[in-house]
Every structure is written in structure tokens, then in C-alpha cells.
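One chain, subunit A, appears in both complexes that follow, with subunit B as partner in the first and subunit C in the second.
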Partner chain A sequence: MLIMIIMENEINAVQEENGDSEFINSDAGAEIEAEVKAERKVVIPGEVIISGDDFLPGEGVRREGEDLIASRYGLAEQVGRVVKIIPITGAFVPRRGNVVLGRIIDVLHNGWLVDIDTAGSAFLPVAEVPRYINQHEMGQYLAVGDVIAAKIWSIKGRGIDLAMKGRGLGKIEGGFMFRVNPSRVPRIIGREGSMISLIKEETGCNITVGQNGWIWLKGSSTDNEIKARRAIEVVAGKVHLGGLTEQMEAWFKEN
Partner chain B sequence: MSSMDVTNLSRNYFRKMFAEGKRFDGRSNFDLKEVQIEYNISNKAEGSARVRLGKTEVVAGVKLETGAPYPDSLDKGNLMVSGDLLPLASPRFESGPPGFDAIELPRLIDRELRESGAIDFKKLCIKEGENVWTIIVDIYPINDDGALIDASSIAAIAALKNAKLPGLNEEGKVDYSREFGEKIPLNEDIIPISFTFYKLGESLILHPTREEEEACEAKITFGISKWNGQYMVNSCQKGGKATFSGKEIAKIMEILPEKYEEIIKNLGNLLK
Partner chain C sequence: MTVKRHDGRKADEIRPMTAKVGVVPNADGSAMFSFGKTVAIAAVYGPRHLHPQFMQNPSTGILRVNYDLLSFSVAERKKPGPSRRSKEISKVTEWALAPAVNLEEFPNTVVDVEIYILQADASTRVAGINAAAMALAHAGIPMKTLVSAVAAGKLDKELIVDVDKEEEDFREGEGATDFPAAKLSGRDEFSLLQLDGKIQPELVPKALEMISSACEKVYEVQKKALKDFIENPEGGNGK
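Presenting the complex of A and B:
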């Protein structure tokens, strides 16, 4: 753990130097500068990030007396007075309105049980399906093992309810699915979708990224699809670096 | 856990990819993973090795004990292979009583080692009918990224080749404080190695990654060695729901010697 942290710190340091010298007039350069200003620091649970009443605890941070203490392993970032942590690892924490990909695990009489990689399973009511379905033929529309894109409609004590009405939601057909760590999803999408649209442009693939880290991909040829997946995995492996979009443009030129 | 189960999409996609001879890591269907071996992992075991096969990682250790022989083999030593699928190795493994895979793995390695004749059991006899060596091979997967049995078989033979017999006291009991003697009596020429072929649709693959392994419908493991210039099948086990046709087995038999030579070449000086 310790070695890893030191390594990441070094990488960050190198990156900051690069950020100052190399990327000056591009958009990605602006992104790096913003990140340098934010001063990201790798923290582990229990570590004191900063002390004083001037700061407010954000996501993954708690206050104990004077100190702001990390509750998660990740990069601590200070935006204004708020100190928050961008997690590097961790499970998917469902939020209302998240678009997720899920796998049907059971067909019930009034809907489907869907696995979306949370502690409990989620429920998709039959009324959410955009066309009429005979109760006895539900398995023909969505069978066990099928994949859907859905939105988290509500989170109650009993479980999670899904909704499937909306653009881009519904049963997914063709292509393939793979998983990345859900904490990497924001970087894969990029600032205002910059990263994902770069990958889509370069490979010509259709890509859906669920907030739970499940990614669906479909392209015109197997080679393009393999390339798109490799690109996404490169991004997922470099989350802690700045200027990723720029780096990926270079990556696509090389490969 | 259900989230580990493969989706219909991925299974269909892998079927299509294997039929085209393509895989996500750029290998073709029968390309092997890169292999690395590290010795003397444990300083309390008589022999140990860590094997990395791609991202799969297995640690094997050898302990040696003395004891009474079994009544049906009074002049022979014993071999015991045990294994445990540690929860740290894969989200699929859970602690608790061993499941099917956890029982299958050491049994396959045991059979492959025993039947290949790699170990000279007669030389493991200290005093006939009274005192013989027992070789205990422990296999611990550290990281499961597919092809666990194949990686374990390499780790087991590597650990055996690394092991030395401990000293004995006057009563013929093990005395670890004494100087270690010679290596375990092995037949140097015989190197048993397992190959597990996975089947999805009409395609066969070797050395799968975890997601490929999960998508596949059947598997068949062959323990192979070479003796006097002849390739020998020492063990064989089939698992999964799908079936293998005679044609497919014939094809596997054609590929096996080729792949055996390839992995022996890859292991090269690593296996000493």
C-alpha cells in the first residue's frame, strides 16, 4: 500500500511538471491546470487531510474535532472550502437517477430481478416495458442473462426500483459487455463526455457506460471493438493522471 | 455471487470472437500466456515456487515428513497434494468447506504428478516397511485470472524441483535443525504439465482469462509428459455441460505435443 502511494505521488508530481511545460494552449491543458490548482493528494482512511474550521467535509470526508479525516482511499481534492475525496477503489454506491447496466437474474410474475452490482438486487416492474407483455411471455422479452440499460428510479429500504422509459434505455442487443471499477467511470466519460466521445470517434463504436462500471460496446468490426475496449481499459488504469484526453489522442495515433 | 455470472451478450460475443480466432488480449485461440517462475518463496517449506501465468498467480510449497508407509506399498514413499481456493484470489471463491473446484484442483495435480512417474517413490523409502518420506504439495492460488489448473501444475513441479530433503536424526525422524541433504529423487527428464482446453460453441481455446473461462461451456484437462521421446497422457478430466466430439479430442491430441514443447521452451532455464 505504502509503495503504491509513493509511486502515485511521484506520478502526480511528474504530471504536474508536464502540465506546466507542455500543454499550454489546449483544452486539456486547462484541465491540467485546474487539477494542479486543486492539489490532489493520495489519502488513506483515517488520515488527517487538513485541520481547521475554514474547511467543510465533502464526499468521503468526515470531521473529528478540528481535523478533516478521510473515510476512503482516494485523491483528496479541495474545491473552495469543501474538501472531498475522489475514490480510487470501492464498490458502486447507487444514487437516484443513475443510469446503470444490469443483468436479468430472475423473471417474476410482475417484473424482473436485475443485478446491477449492488449489495441487493434491483427490481424492474413489468409496467416499465414500453409495449404490452403477456404475463406468461415475460421470459421471451427479457430472459435470465439478458442485459438492460435502466435508470435508478428509487432507493428504498427494501431495495432498488428501476425505470426503463427514456432515451437510450431498454434491452441491449448485440455487442458485448465488460466491467471496470465503478470509481473509474467519471474519468472514462471525461469532462462533458470528452473522453468517451473521443473513443467513439476513433473507433466508430457505440458505447454505453453505466454508473455501476458496466460498459457495453458495439462497433462495425471485431477489431474496432477490441481497440475501443483496450482504450477504455487504458483510461481506467490511469485515473489518477491529469490530461488524459490529450494522452489518449496520442495513444490512438500510436495504435 | 450472481454478479459474476456471464451475460448472454458476452457469451455470444466470445463465441463469435473465438470462431474468428480473436481474443481481447491479442492472442489467438491456442496461444499460451507468458510464464514466470520465482523460487524460495517460503523459508519454512522444503521447496516453494511462485508461478505467474499471465495475470494468474499460484504459490506452491513442498513439505517433507517421515512416517510409516501404506500397507500396500511398503517400499515406497507417499505423495499428498492439497489445495485451497483462497477468497483473496477471486471474487468467485468463498471461505468455508471446499467446493467442487477446490477438490478437483489438487486431485488433478496429484494424478498428473503420480502417473507421470516424475517422482521416484522407491527412492523415498528410508527403511522398508517402517519409515518412508511423505511429500506434501500445497497449492495456493493468489490470483485467479483463468487457467488455474495449468498454472498450478507448473507451480507444483517447480516447487518439487526446488525442494531438498531435510536431515534425519538417529531414530530416523525429521530434524529440521540439521543440514538439508540432497534434492527429492525426481526423474529429471519427466516434466508433467497440464493443459486445459476450454470449449465455447465450436471453438477450443487454451489458457483463458477469467472472463473467457466463465463464458465457456466445457473444459477438458490433460496431464502431459515426455518420456523416452514419447508424449504421454498421464491424466484426463472433463468438466462442464457441453460435450467434446471425437474429432475435437483428435484435434487436441494433435495440438498437445506442440504446446507441450512450446511451454517447455518458454520455461527454459526457469525450471531447474
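Presenting the complex of A and C:
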């Protein structure tokens, strides 16, 4: 029975890692908030997190003999028997299924090149936009400099392919955009989107959060937009505290 | 026998070290490290797209380091721009850091490390390596371990650790020797060994031993700065 439970935990952990994140509703956000009570500690590369055969190395962790060693800087967390590292800094590493905001940087004959803040550029084929577009009129639909919300469809050696079919995806007009550290995105979204819905409710703004840390928002007034942005930046600044949604509720009462 | 150092330090005493993470907001990772009056900052960008394309490696990402003294960092104004010296130090720093990073996950990309010396009082390349190692960790680059570096030296016949400018210019007896070295923390591996001056072969193992124990002290400072950045952001920050 005990073994069964442990195995289930592992399966959950694996699923969480592979789970395709829904738009706005990030799996990673759920993970982080769910582990509020679990002990997390800051580790640096090469540091021994824990010793013994009872534990399995997860993401960002490797085994050297008896020891589990951190391969990167972040917060070490134990989920069941798996020990893994939650990144807290660094550049965006794209994953399949991520919703990202990007800017058109070039119009090609069969699609668009999009800057999504990654090492390789991303490509959005004409076939992956929600309506039929004549090849000669592509520049009218999406021109250089336009901003889109899209989903990462595949990651191949050559580059990243995007798709724009889906709820909430498409060209973005009006409002304004800013950036936060991509590793803070799960916190901004919160468990099952709790944090972002709180901010939306309190400010009445429309908010789209890309996994690459680009955030777009549009509200009824500039004051509301500024308030929403400040709220998001407060969340992004609190790196490893638990119970953030409650804290933010209090923050909204004060401001 | 004890050495007489002009600032009263013991032979194995390092100047007061300061370290801070997150000093360059626009970089993916950054850090500052100082040995006394020597101050280095490092900023890390990437992994990002690599140009020129012929440098791309389809099996791994590459590391590209640029080291330079800022023109106001030295007593006599340094002409800005790359020089023979700065190119050489960039290259050896790259080699010192490369064994510590794992970039296989990011093929065809580059991780750029920019190191600038704000204030130079000798030991600048090792201060740069220490800052760069922290900045790489801060940028979330997968690493085996941190790299800690320190410059050993020899004044006449006595071995010392953490050479400063006055000691570098020592001219009596056998003169001064500068022996910068970098070590992969927690491992018995050196990734940088340079020697400028003269040293007896039998003194080298002794010097390496002094470097190893000094690197451990450097490592503690680096570690504290990285942890304080999260745990105690307003606090000491590595002091």
C-alpha cells in the first residue's frame, strides 16, 4: 500500500512536468502554490541537496554516488521521493504547449517570424492562423511590429513553430505590454489561475500572461492599468514566500 | 617565517571580499565581486542565438567571454576597446569557466559573459572569474559547480595569497611572482593556472595548497551572496 502511494506521487510529479499548460492556467503555478508548506531551500550549482538512496533526482538535479546535487541555481523542493529545482532566475526556456506573447519581426512567403525572447526565432505558418489568408495580403493581417499571443506547437532542431488557433490566442491590439522575469510567471498566474483572476477582478483589466514573461494588459482606465501592473510586479518581486494570494488580497485592500 | 606585507595581512589572508548578485537588471544574470579595491562586475546573457553562424555547434551551446578594464579603473587612463591583454584574459577566463557549465541542452546557442573591471588593484582576472561564476549561476545556466579563483604570488622567497598592486610591483630579491588560479569548487580540479614571474618547482605544490584553501573562502562568499539574494534581499548581500 505504501509503495502504491509513493508510486502515485511519482506519476503525479512526472505528469506535472509534462503537462501541457492551459492558457492562463499554468500547471507550474499549481505546483508551486500547492507546496506552500513543503520545505524549500535555496541551492547553488554543485551543492549537495540531500544524500541517500531514498530520493530520486528530478529536474535540475543529478546523482553523484550517494548524493543528489543541484545542477542549477533555484529552490530545491521535494515532491514525494523526487527532488527537483524550481528556477527563480534566468532566461526563458521554451516548452511545447507554452502560451507566449511575441512580436512579428518578418513577413515571409508562407508565414511570419516572431520574436518570443528565445535563442532561436519562432515561426508562425499561415496555415496556423484562425482564418484563411491570401499570400499577398499577409502583411495586412500581421505586419512587422504587431504583437500576438500564440502557442508553441513544436520545438525542433531548426526552430520553434507557433500556432494561433485557440481561445485567447490571436493578434493583440490596444492596451500595453511589459516584461517580468519568465521564472516568475507561475507565481503571477497562481494555483489554477487564482492570482491572475484576483488581479483581474480587483482592477477590471484584461490580462494576458505569456510564459516568456511578456505581459499584456488593457483596462477601462489608465489608473486601473497601472494598478494591475504594480500588483503583478509586487507578485514577481516576492520570490519564495507562500500564501501569496492572501497577501495580495490584503495588498489590494491597502491600495 | 612570516611575511611582511605592506598592508599587514598574513601570507594566507585574502583582502576583504564583497559579493553581490543581480547588479545589472537588464541582464539574464549578473554579479559583482571584489577583493579589497579590485572590483569586477559580470553580466550573463543567454542562451541566445549565435551569430556568426559558422561558430554554431549543433551538439552544444558555447560560452563566449569578454573581459575588459574600464578606462577609469586604473591610475593611468586605459584606452577603451579590446587590447592584446584583454583578449588573452577573455580567452583564459572562458577556458576557466567552460568546464563548469553544461550547455548541451542548448545546441547552436551562445551564452555571453561580459566582465568589466570597475576598479583595478591587481588580481582582476580572478575577481572577474568569481563574478562571472556567480552571474552564470544567477542566469540559471546548468552548471556542475561554481568556479572560485584567487591569485597566489611570491614576494622574494615567500608565498602569499591574493596579490595586490603594490605586491605585484615588488622588485626586491627574486621579485614578484603572480600565480592566478581557478578551481572548480568542491572538486580537485583547476581550470586556470597562469604564472608570471619565477617560482621554484618545489614551491608549486605548496602554492596550489594555499590556493585551494583560499578558494574555499572565496566559495563561501559566493555562496552566501547567491543565497542572500533570495533569502534576505535587503540584508547584508554577501558582506
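We adopt the following convention: the second predicted complex is superposed on the first by the 218 of 255 C-alpha atoms of A that agree within 3 Å, B and C clash if a C-alpha of one lies under 4 Å from a C-alpha of the other, contacts with A are read in each partner's own complex, and residues count from 1 in each chain.
Here is the rule we go by: a contact is a pair of C-beta atoms (placed from the backbone, for glycine too) under 8 Å apart; a residue touches a chain by one contact, two chains touch by 3 or more.
Everything numeric here is computed off the predicted structure, so don't read it as measured data.
Undergrad: Counting only touches as set out at the top, which of subunit B and subunit C does A:D115 meet: first, second, both, neither?
TA: In the superposition, A:D115 contacts subunit B only.
Undergrad: Looking at the overlay, what does A:D146 touch: subunit B (first), subunit C (second), both, or neither?
TA: First partner only, subunit B.
Undergrad: Examine A:G175 and indicate which partner it touches, taking first as subunit B and second as subunit C; both and neither are also allowed.
TA: After superposition on chain A, A:G175 lies in contact with subunit B alone.
Undergrad: Figure out whether A:Y73 sits in contact with subunit B (first) or subunit C (second), or with both, or with neither.
TA: In the superposition, A:Y73 touches subunit C alone.
Undergrad: Contact-wise, after the overlay, does A:V42 reach subunit B, subunit C, both or neither (first, second, both, neither)?
TA: It touches subunit C, and subunit B stays clear.
Undergrad: Pick one for A:I105: touches subunit B only (first), subunit C only (second), both, or neither.
TA: In the superposed model, A:I105 contacts subunit B only, not subunit C.
Undergrad: Thinking of the overlay built on chain A, is A:K84 touched by subunit B (first), by subunit C (second), by both, or by neither?
TA: Neither subunit B nor subunit C is touched by A:K84.
Undergrad: Give me the intersection of subunit A's contacts with subunit B and its contacts with subunit C, in residue numbers.
TA: Residues common to the subunit A contacts of subunit C and of subunit B are 121, listed in rising order.
Undergrad: Any idea which subunit B residues touch subunit A in the complex?
TA: That would be residues 2-3, 5-14, 16-17, 20, 22, 24, 26, 211 of subunit B.
Undergrad: Given the complex with subunit C, which residues does subunit A contribute to the contact?
TA: My answer: residues 42, 44-47, 60, 71-75, 87-91, 119-121, 157, 183, 239-240.
Undergrad: Under the touch definition given earlier, write down the residues of subunit A that touch subunit B in their complex.
TA: The contact residues of subunit A facing subunit B are 103, 105, 115, 117, 121, 143, 145-147, 172-178, 216, 222-223, 226, 229-230.
Undergrad: Can you list the subunit C residues touching subunit A in their complex?
TA: Result: residues 22, 28-29, 45-49, 58, 100, 102, 106-109, 137-146, 184-186, 222-223, 226-227, 230-231 of subunit C touch subunit A.
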